[in-house]
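Going in written order, the chains are labelled A, B, C and D, and every chain counts its residues from 1.
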Amino acid sequence: MLYLYIWLFPILAGALSWLLKSEKLNKLLILIHSVIHLGFGLALFFPGRRLSAALNIDNYSVWFFAVSALLYFAVAIYTLQQDQRLSPRQSSIYAVCLMAFVASMDGANLSRDLGLIWVFVETTTLASAMLISFEHHKQSLEAAWKYLFICSIGIALAFMGILLLIIAQPATPSLSLDRIIQRGYWINSFWLKLSFVFMLIGFGTKVGLAPMHFWLPDAHSEAPAGISALLSGALLNTALLPLLRMQKVLSAAQLGYLASQLFIALGLASLFVAAVFILKVKNYKRLLAYSSIENMGIILIAFALGDLAGKAGLIHTLGHSLIKAAFFLSAGNLYSLYKAKDYNRCSGLLSRDPNTGWLWLICFVFIIGMPPSPLFFSELYIALGLLASGNYFVLALWFILLASIVYGLGKASLEICMGYSEEKTRLPFSQYLPQAMLLLLAVAVPIAVLLLRP
Amino acid sequence: MADVLLVIFGVSLLFASITNMLSGIVKILVWQGLILFLLTILKTTQLNLWEFAFVALETIVFKAILIPWFIQDTINKNGIIREVEPSVSNFFSLGVMTAIFAFGFFIALWSGKSSPKLYPLHFGIAFSAILKGLFIIIANKKLITHLMGYLIMENGIFLLSLAIGSDMPHIVSLGVSLDIMLSILIAVLFINKISSTFQEGDSDELSILKD
Amino acid sequence: MILNLFFMLVIPLLFVGIINKTKAIWAGRKGPSLLQPLFTFLKLLHKQEIHSLSSGHIFRWAPSLALTAVFFAALFVPFGSRQACFGFKGDFFLVMSLLALAKAVLVLAAMDTGSSFEGMGASREISFTAFLEPAFLLIIGSLAYAGGLERIGQLFYRHTVNIYNEWSVIIAVMTALALFIMLLVEGARVPFDDPATHLELTMIHEVMVLDTSGPNLALVHYASALKMQIYASLISYFLIPEGMGTLGITLVFLLGSFSLAVLAGLVESLMPRFRISRNLELVIIPLSVALLVLAALIVHNMGGF
Amino acid sequence: MICCGLILLWLTLIPALFRRSALFTTMLCLASVCLAFGFGRVLFSSAPQICHLQLATLPLAIQFEVDALAAFFGCLFALGFPLGMLYGHFYLKAHPGEGAGSHLFWLGIMMISMFLVLLLRHILLFLLAWELMSLASFFAILFDRNNRQTRSNALYYFVMMHLGAAVLLCGFALLYLNTGSFSFRNLVFAGLAKWLLIIGFAFKAGFFPFYSWLPKAHPVAPSHLSGLMSGLMIKTGIFGIILVLFRSEWQAIELYILLAVSLITAFNGVIHALTETNLKRCLAYSSIENIGLIGVGLCFWQLGILFANPLMSALGLAGALLHTLFHSTFKPLLFYLSGNILLATHSLEIDSLGGLHKNLNYTSKLFLLGSLSISALPMFSGFISEFSILGAILLGFNSHSLASTLCSVVAGGVFAFVSALVLIAFTKLYSIVFSGEARSEAASKAKEHPLGLLLSPAILALLSLVLGLFGKLGLAFVSPLCITLGISQSQLVGLGGLLRGISLILVLLLLVSVILFLLKSRLVKHSRHSTWACGYFKGSPKLQYTGMAYINPLAYFLKPLLHSPKLHQEVQGYFPRELNYREELFDYLDKGLIASLCRWLGKFYGLFSGIQNGKTNSYITYLLLALLALLFWVLGVPR
């Protein structure tokens, strides 16, 4: 039933925009949708969780849903005055796909049935593939194809994992997580292990864990700014969610250690790949994409450690989503200012457009985990967790990789922001507001959460 | 009876690794669709009309007719060369196929102990189909072939889902098949777009984006 | 006190005089009178000064400051009486850095003229300190090692050479040697520097004060002589046996300083100058000697070999 | 008092945002006055004052603890900031740049965070303030936006600080795991945590293997900032190290290691200060050397406790603290004056300067004072502290314990060597920059600056002169802290007596020399003539001694300790047209170790940089391989 509610507005609005085909209307519809969405998210989040309890939605879902709602709202505002140079038809397709994309993400976030989660995740791929290929040139087409193809294969493997999970269960198997976790003890460990591996690879492809991350930089760098923000801020978390659920299942079947091992292994791999390419690439959007890979790796490590570090992982997810979204939107500004994606070709941002420049710098500072960024605290707690669990080696590796990532990002950011450019430009206000809002929230929300539930 | 069908399925996989024409693989897809239909009929003990209709739609109409037609159409429309042009020789791919079979059955037999309700032959074939699909993707350059590999893989997964019988909630399986159908449609769409933008649908051309 | 001051004023120039006299006699000449340096000093005081055009404020006040610094350093060293004028535990560092101060301001003054020769002299002169300061410190250390830190005069005075104790002889001889070499270096004598040479390129101290003239030059001469005398008196106090009457101390002190002057003169007339480039290597000798002394002491203290 | 000072400090950010440099400075001065009073009261009442800041329902009660240690450094900062900003105000006026507003803002943040670092005793908040400090200084350094060098060096600094913070974080995390409490108000640091903390703080203070950021960051920063950073900010590292040393038990061997590190730091710093040709970099290296000396003092503080020699520990600690105090007077002084030189001549290469004492009269005099005090000559401040430290070392020479004797032998030898080299380095610096004739067009055209740029240097110079003449003042300032750190009153009284005697003698010395000079200049008439060039009359500035030539005799010994790539072309033919020879002296640690480490890391990364080759096939291959690998892992690896 819940899913009907979620899909109701998109379907209607989609039909409407398809009929009328006017850009203004589309933007308006998107905005309305995002507002409703945000309202629902807040309703889920706030007091006492009555609504979420009624709908049988657990904390993870609420958290991830709220994050995606915030992001969607920000993106909707951002796109208001941005001229996307689209024909009415295209803009309608854009609106429809965007709404479908968001709705399917919600489905995946809110559902507690692995099968449905799978279906929705697959749907997100389809919807967003259209969105990525929007600027019709070779690169965007190629990026979209790679995204579609690799992710479909990954998702197929994830489905295989689901089948194996069914095999693993004794009589009258089911896919609803609660049931599975209840009977966790009787699950056949051999099949469970297999299914976990398949899901890890499958959904991991969508999360962008190395070495299945290859689609990610392409897709994120070629999509329009708003979409990139949604992709890396919301979609990756959505794909991460089933993995976390599976971790719960494994620990219910006394296989938690295995999940932790694999999580840490893949997390380190992602960190490493991110470090390698952040030092290499010159395209700033790809840079941001790689930094998303890195953060996904950190989050995975955090959840591998569990308890306190796990909570830190949630904070990190939130922080990364908001900051990275702001970062991608600022990158959108940068692109519309310089029309170049190579950061050596755009310098002197601070003198050309101070707002974007400072937004960029603050995003940089936040994303590398400098205070007052939430990532600072989360990373602190993750380090605590690593020390407590005696993973000194992992910790040392983490710090070394982090240092080189900081260097790479810093180099790019200074190249972009410093320097001098004689022409001064101003962008419409609605292209600064969302980033500022997101960054403020990134600082405020963790503190608020801390205040509400110490 | 079921075993025979399974074996035919396996043989079709072997055939896929030696055929030189794209149309050959398309034919294989058709055959596999039919086999899957029959297998479903055999597997499901009690058969109400809805399920029958659904399965028939999913396998016959969709897997065996619609998609192959689509693909053939794309091939014709975009004037894609009709040879498979694999980057490895048939002999080699045959060898790999054998290895895949061996691996699949090894897993199947090993796992057979741990789960009685699983029929090793069935599982082995399904598993090898999945791996074979991946291998076809790896070993070929044409996007269309990639798509076919993906389809073979999907067939393998379908086979596996048959192996566990009707434990899947219908809503899920409905969603699943819808998703797959959509994804294939969109993929075909993209292939058309791509082959109109690029010279020919060759994955070597699609390597502008790299670091 | 008075005695100290008196000797401080009189002896240094006499010391130089003796050195020159020795050299002359050794060379078979009659040589200038012992008081010649004093006469020169007085004569220079009457002359007018010439300041280089490129020189600035430092050049004017450097010599007087240098002299005062050396003088105050000398106040911490006994000259003829049992006690020095001033003194406190660990005053040697003050002495050391006062000497360093004197040297520093002279060097700055030399650089102030912008003459390449004086720059050369200054750089050579200041390079010596790098090795002399540690040497001096280690000597003090080895003396302190025996019986705790004391005022500098006491440190030297306290140490008595006991003929029958080979350790004390070894230590005495080695330390004296180290100090004597330091005397030669700081006093800019052969074999490290030749004040009498005719070629600026080979000088060190003399070339450093090339542009200094008149009273300034007088002050500089006196300062360097006093510096030498400080080392001389330290050495001589080193040889004074403990429990001697004041008169005896004075006599031994005078004897010691004069014989050291003669010794210096002999060295000058017997030894050639070292090559400038080798100089610094040889300046390290006191350092190594001081280390040896310390090692010997420690070994001795730990119960011999 | 302190709180209102802090609030005022926060308020200074508002004018900073509107580029009101003057208002910013005045407010900063007000805030500093408040803070100075507050801290001073705590310091001299020597009773730790704790003010809780219980925020609403926040689980962590923010808790400022102002103990003597914090108060001491707080006073230092509160005195140093206004002077620095006073200079900075005029500096920014004389050297305007685009980023002035943000620069001021970040300066303000930096100052606030430095105070917070002193005050906070809660692990999370401390780390927060610490990171904030690095961040703010990083942005403040980036004042000159168009200069590539500035960017890369600032980034280097930032990354180094990030690493240091990471180590610190690990240390505190271990601390938390051991004790289970986030507050380290009165914890005993032990085990690995202790070492991690020491290393983390050593990054900021600039101890031996971690100092390489100083000579990179200081030259590119605007001069007032480099003064503040080198004079005050690295002292936060010293603050942390004192904290750790005080709060933890130390074995002999650990202390020996620390001592060795400090000595190496001092030595390494000074030899580079000696050979460096860039004025500011030279000063940065000399800061490293001073930090090393402070470290030596601290080590002897602990060694004194270990050898049950209270006087030694008293002298060591007092010396270290005094040196901290003095260094934060004369180092900013020198940096500000180097800023003046930069403004006047647009160059910091000493071999292109010279003869500035004519044009920059006051600057040259102040610089002379600064360099005399930094080279620890009597009558100037450096002398007092080094005297005290050396006294501690000398006390080690006693026949009872071999260990202490050996410590003292090594420490004493190196110490004396270092102080001699400092003398050489700074005589070189002064005489090459200011004495003689101008070596370049710009240097000869230099103009003296208005009062504003000379005011705070003058104050600092006066301060260091007074502190040098009357050592008792400095001692009175540090003794409360010494007592709280467990030094008995009597020892300090003894030292005080000594210092009084010394100051008497020094004042006498000053008087006598002045009188002598005045007499001479009254009685003696003098004339001026060009420098005697030994009969050669075409004297030209090119003939003067250069910095390299000045240290040549020593360079012969120091070569093996320096990384010196030569570049010279062979002579061709009998009448070679031109011949150029270049030799630079680099830091082994920087050019040798760190650079090559980075290169190796880059190579290693490079091995993997080919995987994103744009081919779908290979992507799928990686995917398949990962799948198989994980399958084998889960099926193969037992629990």
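To be clear about the criterion, a residue touches a chain if its C-beta (ideal position, glycine included) is under 8 Å from a C-beta of that chain, and two chains touch if they have at least 3 such contacts.
Being a predicted model, the structure only gives us computed values, none of them experimental.
When every chain is reduced to the mean of its CA atoms, the largest separation from chain C belongs to B.
Measuring from the average of all protein CA coordinates, the nearest chain centre is that of D.
The chain pair with more C-beta contacts between its two chains, of A-B and C-D, is C-D.
In this assembly, the C-alpha centroid of chain A lies 31 Å from the C-alpha centroid of chain B. Chain A and chain C have Cα centroids lying 78 Å from one another.
Chain C and chain D have CA centres that are 36 Å apart. Here the CA centre of chain A is 44 Å from the CA centre of chain D. Within chain A, contacts with two or more other chains are made by residues 146, 149, 153, 190, 194, 217, 277, 280. Under the contact definition stated at the top, the residues of chain B that touch 2 or more other chains are 134, 137, 146, 206, 208-209, 211. The set of touching chain pairs reads A-B, A-D, B-D, C-D, using the touch definition from the header. Residue ranges on chain D touching chain C, taken from their complex, read 354-355, 357-358, 364-365, 368, 372, 375-379, 383, 386-387, 390-391, 394-395, 397-399, 402, 405, 408-409, 412-417, 419-421, 423-424, 427, 430-432, 434-437, 498, 501-502, 505, 508-509, 512-513, 516-517, 520-521, 524-534, 539, 541, 543-545, 549-554, 556-557. Interface residues of chain A, counted against chain B in their complex, comprise 113, 115-116, 118-119, 122-123, 125-126, 129-130, 133, 138-139, 141-146, 148-149, 152-153, 156, 159-160, 163, 166-168, 172-173, 175, 188, 190-191, 194, 217-218, 221-222, 277, 280-281, 286. Considering their complex, residues 111, 114-115, 117-118, 130, 134, 137, 143, 146, 150, 153-154, 157, 160-161, 163-164, 167-169, 171-172, 175-176, 179, 182-183, 186-187, 190, 193-194, 197-198, 206, 208-209, 211 of chain B touch chain A. Those residues of chain B that touch chain D in the shared complex are 87, 131, 134, 137-141, 146, 203-204, 206-211.
Of all the residues in chain C, the ones that touch chain D in their complex are 48-58, 60-61, 64-65, 67-69, 71-72, 86, 88-90, 93-94, 96-98, 100-101, 104, 107-108, 111-117, 119-120, 122-124, 126-127, 129-134, 136-138, 140-142, 144-146, 148-149, 200, 210-211, 214-216, 277, 279-280, 287, 291, 294, 298, 301-302.
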